[in-house]
Every structure is written in structure tokens, then in C-alpha cells.
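Below is one structure, written out as C-alpha cells; the observations come after it.
Labels A, B, C and D are assigned to the chains in the order they are written; within every chain, residues are numbered from 1.
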């Protein structure tokens, strides 16, 4: 059971999330140097959820990443791994400085997450649509072994265009899998544009309900609301649950929010319409994030 | 003669030689694994009886997962089980698994190093009347190209059982290839099966050619060797039941003296077992090879016998190939 | 537009369907001889729909199978091709006697249908889950070429467990494809058992509605009702339509109805619980079908 | 020297040789096909700009289909278009197409003989920082084993355009392989590209070895040949830009004199272009081969240069291989 989220804890989490975004921009700045690439939009949008997971929801031990009773966090949309790496570093899985090796030759922070090279990464991912199934397998192993851990699977909206996801959804519905929670980054963004233009998913909730899931809509950038949603999800015992996290891609950086051009591009790689010129993007982003950090800090405490 | 050290079936060349399908060996091996190890689980995509997973499913219903017609999900769910301490077997027809879930297997099982074994059934044209959509004729090519996976193709039902058990005993991914129809029992329970090692099932004095055969077609190769001997042509016949890791030392040993090779497989020649041997020899000791298998064509509906004959994979075809390759030695 | 189905025409169609079942049993009897295999349950259940299609719904010309304005009938669940072959023979695409070559070496009646070997077969199929997509492609070509033909795609319930189907469903919903009608053989049967036990599809209609289709439920063994459903489907212009044809697998032969053991086995291959012994199954089946034929004949006319 | 008859880029060995990605050639070729033939259509799975299909998409929106992240559906929809008079191009990263839709392509495109071209992008480790899940390193193996398909791997952006156009002009399935990064322009618009024919881009008197290279790696092979010449070692370098149909006559001609071969590809050695050549030579004229490519391993994140070096596919590796293979002759 989740502990209650006190006002102080919530503020702490908000600060962590703000810090996460700053570390993320730093990591992407390095990734651009290391290899000229890196994903920005999705990771920024998911910073609040990753913070909530690593610092409140997950039952885990950074000092013992293979602890057999740990909750499992499976990242299906592997390309947003930079934010997972940030949360892991913040939690103590590895030194924060190592974030600068993102996408560098022979790094543990591979461009897409790879099991085995970095303790705490549960599965290899990158090709979309495969993590929901992998998570179900992990959860089934938990059942067979009579373990109490919960398997959380993070997915994206774009990957819901993959048939594999619906095969998995159907299977979880059949199983009434209840040691398992899916959280989808429902940000209406994919590479070629907005999801609803490229290959619409709406009515999305109706789809999952027709596949025999319990669906919970939530603002994925509201840590408190998200934690409440997880609490609700944990209480559902007769169906698998999906938390539909409505997030803002690029969240926290004015010139990146809701612009799909930032899906797979690190800051300062190119000039982008509506953004500061190349060379000033990292700086501007950090300024905005720092200001937001101050704002949170000053919020009564 | 049949290699006397390998304890092969003494009745192999009898008219009424016992027959069984290699997939039966899968069913038996899986059941034994299940009995020996509570971490063994099995998944099947709506072909439970046909792939012989039903023996396991009936005995261990709580460790068996019916996936419906969904091969991608089957592979990735198995991957999740395989990274969580389970030994997961997935079974379907090989055209569909590893065919429809090729990349799923690549990422979530092979690259991810999940403890999953892929059992591909209905291999080759000997699948027969269902036609080409159901005959897996490229599955060796599309699995042996993956790093680090092992690929076993048992020659009969008894070896099928051993190969299944051997796969369950290593912690890394294995592709297992089985066929549908009953074929002669070549081995006995005492015949060795060692992953990564090829054995010479037919030996003779001063052999002039080496035949590598994989799967049930080994029987035709042995019959060919026996008939050729009567015609005064001595050969060595090797059971290529592990295609990966490739027994390069064995291949070099078995071909050193003969300097001429025939490879036989119910599979496309392109990328198949013969291709693996051609790669190895080109790298170590280039020799002439005649390739028996599908020559860049799909097959069709028919009985196994009709198809094996039409597509040039029967005893006669192997004998002709041996004669051709011996001539090529020059 | 479909012409009205007169009483006489309906009776004629019922007789055709009865004849189709008899030809089917004959063909499967031969297939068993030819190669020891053949699908029985699905084809019997779909005999009424195939009859309605080939003798009333489809705009086609057996003498000119490649006529460019023909309606297209795409068979996704290829294993039920024996009933397609029967309808084609009855329509004049090839001699009825050729049905005896089903699954014989070098036949045009391949175990699973293959484009090119038999004129009138539109696509190669057998591997499940691929025909809906193929049909969408054919329909799109019709749109590009400004043709008025309709593409009908026949699918099965078992194959709706394949993710590819849901990718296709999502795409057709996006397109609002309206020169295209899917008919699903919703017979609750697949190889390993009943669909609802193996991998449940219910609530099925809700799934398609959530994928932005118009769904029509109908008794797939009632020719009149089916033709009415097609008429309704043709009138829908803002969405793709699925006709959910509830059929009885093995329909018309008492000892085969609703028994999944008959999915892929021809009569007289094996003893089966509840059926006449091997060697008497074909005979008994033919008797039942002939009696039914008489009954239809005597139905006021 | 560079073959003077082939009108190759005279500035090839300059420091500032012009560079471009082969995928750019795809975009240009597709656009030209679209302009010439109203039956050409294109489909893409949410990688429109990255695969360069956007040029076509912008010009012919009504003939372009955005499929979202759904490679199986993309393949089978294209098959439906391809049997209905259209010439359908599908594009994605090669790990996903033909990876995630391998069997879909086998049945609905290849066996079904649909007029569809599969454009696989991000080939090889030179894909770089995305890591191994995005680097297609088995795509040649899993496509060349299909009957009747053709497989083209252009060496530069100009040949990429020609290969794309050539694919659009035949009515049967073609697999096209493109890479992501900019690489030197080797050819000119006047250099021949003929499906099924291999050309010798580097010629010399009394060559001692033949290097077959496929894709951008041909550049490294040519540089190697030039450096080797300075060391007194003469070679022939062949552009293996069609892997299927395989130019057996050409292969025999180009190797007849040298009797020693190096194959170079950014792909697994198992089942790849070198494997195809090993098959052909084993069948016709067995010769020693040194294989450059991934040696049974996945790669990782890094810059293309880092990875090409680490996995032994750069100029130095090719030179060493040439020296090794020449020694093996003796």
C-alpha cells in the first residue's frame, strides 16, 4: 500500500522533478556532443511520473538492484530512457556524473536501454510495442513464485498503433492480471506529428474498456493526482489497470511544449521555429527550469 | 557402415523401420523438463496438440499459457518470464514463430538474453498438404544469423527429445526445429547428442565425399550412402543436428580426407545449414559443395513424398549430388 | 445496390448452399485421400454466406475473373478455402469435378489459397491476420482508380487475436473506408477450443465500435438476414463496416456442429466422440445433407 | 586504379570528398518514380522524414499513406495495393521492416508476388547512437533467403537513387537497403547500375585478391585497395550492390585470376553478402574468403566511426584481411 503523500513530500517530489529536468537537459546536452542525438520531448513530459515512481511509488533498493521482491518498472517505449536514467541516478543506482555519458561509445547509458549493462534496467527495449507483453511475463513469473511485487509497465501512445500491444491487452484481460499496472504516456505526440493526426487512438479509454481493462484518466504532470491514480489502480483486483497519463511533451520548457519536432532531437542541435537559436537552447531551458525550481521552493514551506 | 560407436538403430535399414515425428520428441522432452524443473513454463499459440505441447499442458496447467493466435505476444511474454527465473518454451509453426515474431525475438529474447527456447514446428516441404504458407523453409536462415543463439535440428524423434532437454538445460536462447510427419528412427536413447558437436553416423574406409544432413533428411543420406557403397563409392555421413554453434573442428575433420561435400536439408539452400558450412569452409579450407535443398523456390501442396521428390531432396538426388561433387574434385 | 431477395431466389440460394455442403463433403473426402488433411468445421459454417456472396451479393463474372470492375472477395482465414473453391466451381470458375483435386499434388486447389494458380483467387492467405490489411490495400487502389467496386474481406474470430488485425482496424477507422465491408465468421471456434476459452474476444462489438467501425450482428446461417446486413452495410458511408456473422461451425451435419475437433480434420479420417465411426462419416453426412435438401425443396414452391 | 570505364567520382580520394546518405537517394528516386508513374504509391510507418519518404509525401499526398507505428499492417496493405496495379514502396527502419513484418512480407508480398518494394533504412552499425535495437544487422540474411525477391544495397546516394528507380521498374518484390549517415559519393550519374550485375570499381594489373563490398563500406574497400597498391599489393574491388539475383558469372570472372577473396559488409557475416558469395563459390569454384562484418555479435551505442572501427570493418581491417587471404593461397 502506498503511504499518504504529505504536503512536504509533495513539495519535495516537485523539486526532485524539477531537478530531474535540469539533469535531463544536461544529459541531452552531453548526448548531442557524444553522438549528435537524443530524445527530449517524451522524457520531459514524463519527468513528474518518473519522479513519483522512483521516489514514492516503487518498492525498490538502489543498493540492491536485483532484490527479488522489488517492484518492477518496465519501460516499453525505450526511447524515453534518458528520464529513467536521470531518476535512477538521482535514486543512487549510479553516480549523477555518469549521466554525461548518455549515448557515448561504450557507455552503460545506451541510446535505448539494454538489460545487463546497467543494473536496474529490467528489459531491453527500443522497438515499440513489446514492453507490455514483457511486463505481463514478469508479472506472471511473480504470480508463479507467489511474490507480492507489482509490475509497472510504462508505454506510449504512439506504440499503441502496434498490434502487439493489443495482443498483450487481450491476454492481460483474459488473465484479469492484478499484480500489474500499465501507465501510458498519453501525450498526443509521435515522430511524424500528433497522434490524432497520424493514426488516431481516440476513443482510447473505450478501447481498453472493450479489452476488459479498468481505465483511469489522470493529468500526468500532476504528481499528487498521479499518486492517487496509482492508489486507485492498486485497489482494483478483478482486472488489469491502465493509467492514462495525459502529459505535455516537452513539459517545463516553454519552447518545447507540445511540439513534436522535439521528439528525438537534443537541444542546441538545430534551429527550430519558435525556439531560441541553436547555441542558446540549453541555456534558455536551464533558466526556465531554475526559475520554476525557485517558484516551487517559495511555495509556502 | 553405420558408426558402431554411436549405438544407432540396428533396424534402420529394415523395411518396417520404426517411425515417429520429431515433434513427438519435443512433447516428451518438454514434459520431462517440466517434471525435473518447476521453473520450466510453456506457451503455445493455438497449436497445442499439433506441436505436442499438450503433454506438458495437461500435466502442468498452471505453468502452461494458452496465448491464442498471437505469436508476437507469445514471444515477448516468454521474454518477461525468461528474465524472471523461468525457462520458457514457446511453440508454434516455424513459419509463424520465428516468422511473425522475428524482431520480437531478436530484441526481447536474443539481444535481451532471456531464457527462452523457440520451438518451430512444421519445418520444410515435408509439412505437405497445407502448402507453402505453412512450410517453414527459411527458418534456419533467419535464426542462425542472430548472435549467440543456438540452433538445433534433430534428425528423429529420439534426438528431438534430447535436443529439447539440452535446450532446457542452458540459460540462453535456443531455436529448435521440428517436423510434422513420421520419419525413421535413426538413433537410440544411447546415441550421443551434444550441442555444438556433429557426429559421423556413416563411416567407411577411404571415403570420397562427406554428406552433411540436418533433420529427418539424414535418413535419406544414410540410405544413399549405403546404396553408394554397393556401387563402390565410399562416403562419410554427418548428422548436422547442431547448426549453431557450428562444429568447425568437426567439419574440418570430416572433410579433410574427402575434399568433397554434399549438404542436405529440407530448407532453402540460401542461408541454410549448407550455407553455414560453406562459410566455415571458405574461412578455413575451401572445398566443393553440392547443395541439396530448395533452390530458390517456394513449394506447394502435396504429400511429403511427392514434394521431397519434386524438389530434389530424396535419396536419388543425394546420390547424384555425391557423384557430381566427386567429379568436381578433378 | 443489391437487388431484392425474392422468395424464389431465397429458396434457390438455400438449395445452392445445401449443394455446396454436399460438394464440400465430397471435396474433403477426396482431400483425405489425396493427402490426409482438410478443414471441415469452418467451411460448413460459412456455406450460407459464400452462397449468398457468389450468387447474390458479388458483382463478378466467372468467365472473366480478372474483370477490373469486379467486386473483390478477399479470404483472410485461408484455411476455409474449400468452401470458396466450392462456390467458385458452382459459379463456373472451373469444373465441379476439379473439386476432387483438393490438396492433391500439383492441384490448383492448394491447401491454402494461392494467388496466380487459380483465377478468381485474389490473394494468397493461410497465415492468419493478414487479409484485412490486404483488403484495405485493394480498396484503396479502387479509390485511387476511381472504381466503384466493393472489397469484401472475410475474416475469422480466431485470427482477431493477431495484432495485425487491430492495426488494420485502426487504419480503416482512420480512413473511414467506405468501399469496403468486413464479414467475420464469428463461430466461437479455433484449433485449441472455443474462442471464449482460449482467448476471449467479448465484448467484440464494443471493440470494433471503439476502433471507429459500424458493427452489424447477424445470424450467418440465415441467408436472408445476411443479405439484409450487406444492404445495411453498403448504405453506411462514414465508417468502415463489420458484419459480425454468428455462425455454427460444422453447420448442417449434426455430429459436427459446434465441435472444434472438426476444425481441421476431414470426415472419415478418425473416430471422433459423438460421430459415426470412421468409414461412415461421409455417408452419414451426405444422408443428412440430402434430407435437408429435400426439406428445402418441399418448402412451398 | 578506379575503373576508368565506370565514370566514378574523380574526387573520391580527396580529403573533402562529397558525402551524402544513401537514404537521400531513396527519397530522390521515389520522387522521380512518382513523377513518372501515377501508379507509384508510398507507405511509411511514422518515419517519413527519417526515411526520406517525405519528398514523395509532400508532392503526392493522395498517393502517400501514413501508417503510424504498424509495420505488419503497412506490409499487407501494400500487398493489397501491389496486386491491384499499384507499385507500392514501404519504408521504415530495416530492423522493423522487414524485421517486425517478416512473415507478412513472405506471404503477402513475396509468395503472393505483389508489386511491393521494401525500403529498409538504418542498416548496419553505422546507424550509430541509437544502439543495437535500431541497427539492422541481419536484414540481408532474412531477405535473400526468400525465393524470387531481388536485394539491392547501394554504395552511395547516387546509386541509392538508381537502385530505387530500378526497383520501381520491375513488377516483382525488391528489398532495398539504405544507411543513415553521410558517406562518400563514389559514383556519378553516369556510372552503370544494373540489377544482377556486379562491377569492378577498382582494377589493377595481376590482382592478388578480390574484395567484394556492399553498401557504403565499398568506400573503405577502395581506400584499402589504393593503400595496398602503394604497399605493392594489387587487388580488384567489386561493388556488390545487387546481392540477389547474384551475379555468379561476374563473381567467377572477378575471382578467377586472384583466387583469394575478401567480403566486406556492415552486417552479420552469418547469412550476409559474403555468405551468398561463399555459397556460389562452393558450388562453382571454392576459394578462400576472409569475411569482414559483424562476427556473431550485436553492437552498441556509439558514433559510426567508433563502431566501424571496434567491429573491424574499417580500411585497416580490410587491408589486414587482404593480407591474410593472400597468405592462405600459398
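Some notes on this structure:
Throughout what follows, contacts are C-beta pairs under 8 Å (C-beta built on N, C-alpha and C of every residue); 3 or more make two chains touch, one makes a residue touch a chain.
Only a predicted model underlies this, so the values are computations on that prediction, with no experimental measurement involved.
Among the remaining chains, those touching subunit A as well as subunit B are C, D.
Considering every other chain in turn, the ones in contact with both subunit C and subunit D prove to be A, B. Ranked by how far their CA centres sit from the centre of subunit B, the chains are topped by A. With centres defined as mean CA coordinates, subunit C is found 45 Å away from subunit A. Chain geometry summary: the mean Cα position of subunit B and that of subunit D are 31 Å apart. Centroids of subunit B and subunit C (each the mean of its C-alpha atoms) stand 37 Å apart. For subunit D, the set of residues that touch two or more other chains comprises 67-68, 70, 72-73, 95-96, 99-100, 103-104, 107, 111, 132-133.
Multi-chain contact residues, meaning those touching two or more other chains, occur in subunit A at positions 114, 124-127, 129, 161-164, 167, 170-171, 199.
On subunit C, the positions that touch subunit B within their shared complex are 31, 34-38, 78, 103-107, 110-112, 114, 124-129, 158-159, 161-163, 190-192, 198-199. Across the complex, subunit A is touched by residues 44, 46-50, 66-70, 72-73, 95-96, 99-100, 128-134, 300-303, 306-307, 310 of subunit D. Against subunit D, in their complex, subunit C makes its touches with residues 74, 114-116, 122-127, 129-131, 133-142, 144-145, 163-164, 167-168, 170-171.
Listing the residues of subunit B that touch subunit A in their complex gives 41, 62-63, 65, 67-68, 70, 72-73, 75-86, 88, 103-104, 107-108, 111-113.
The touching residues of subunit A, when paired with subunit C in their complex, are 129, 161-167, 170-171, 173-174, 199-201, 203, 206-207, 209-212.
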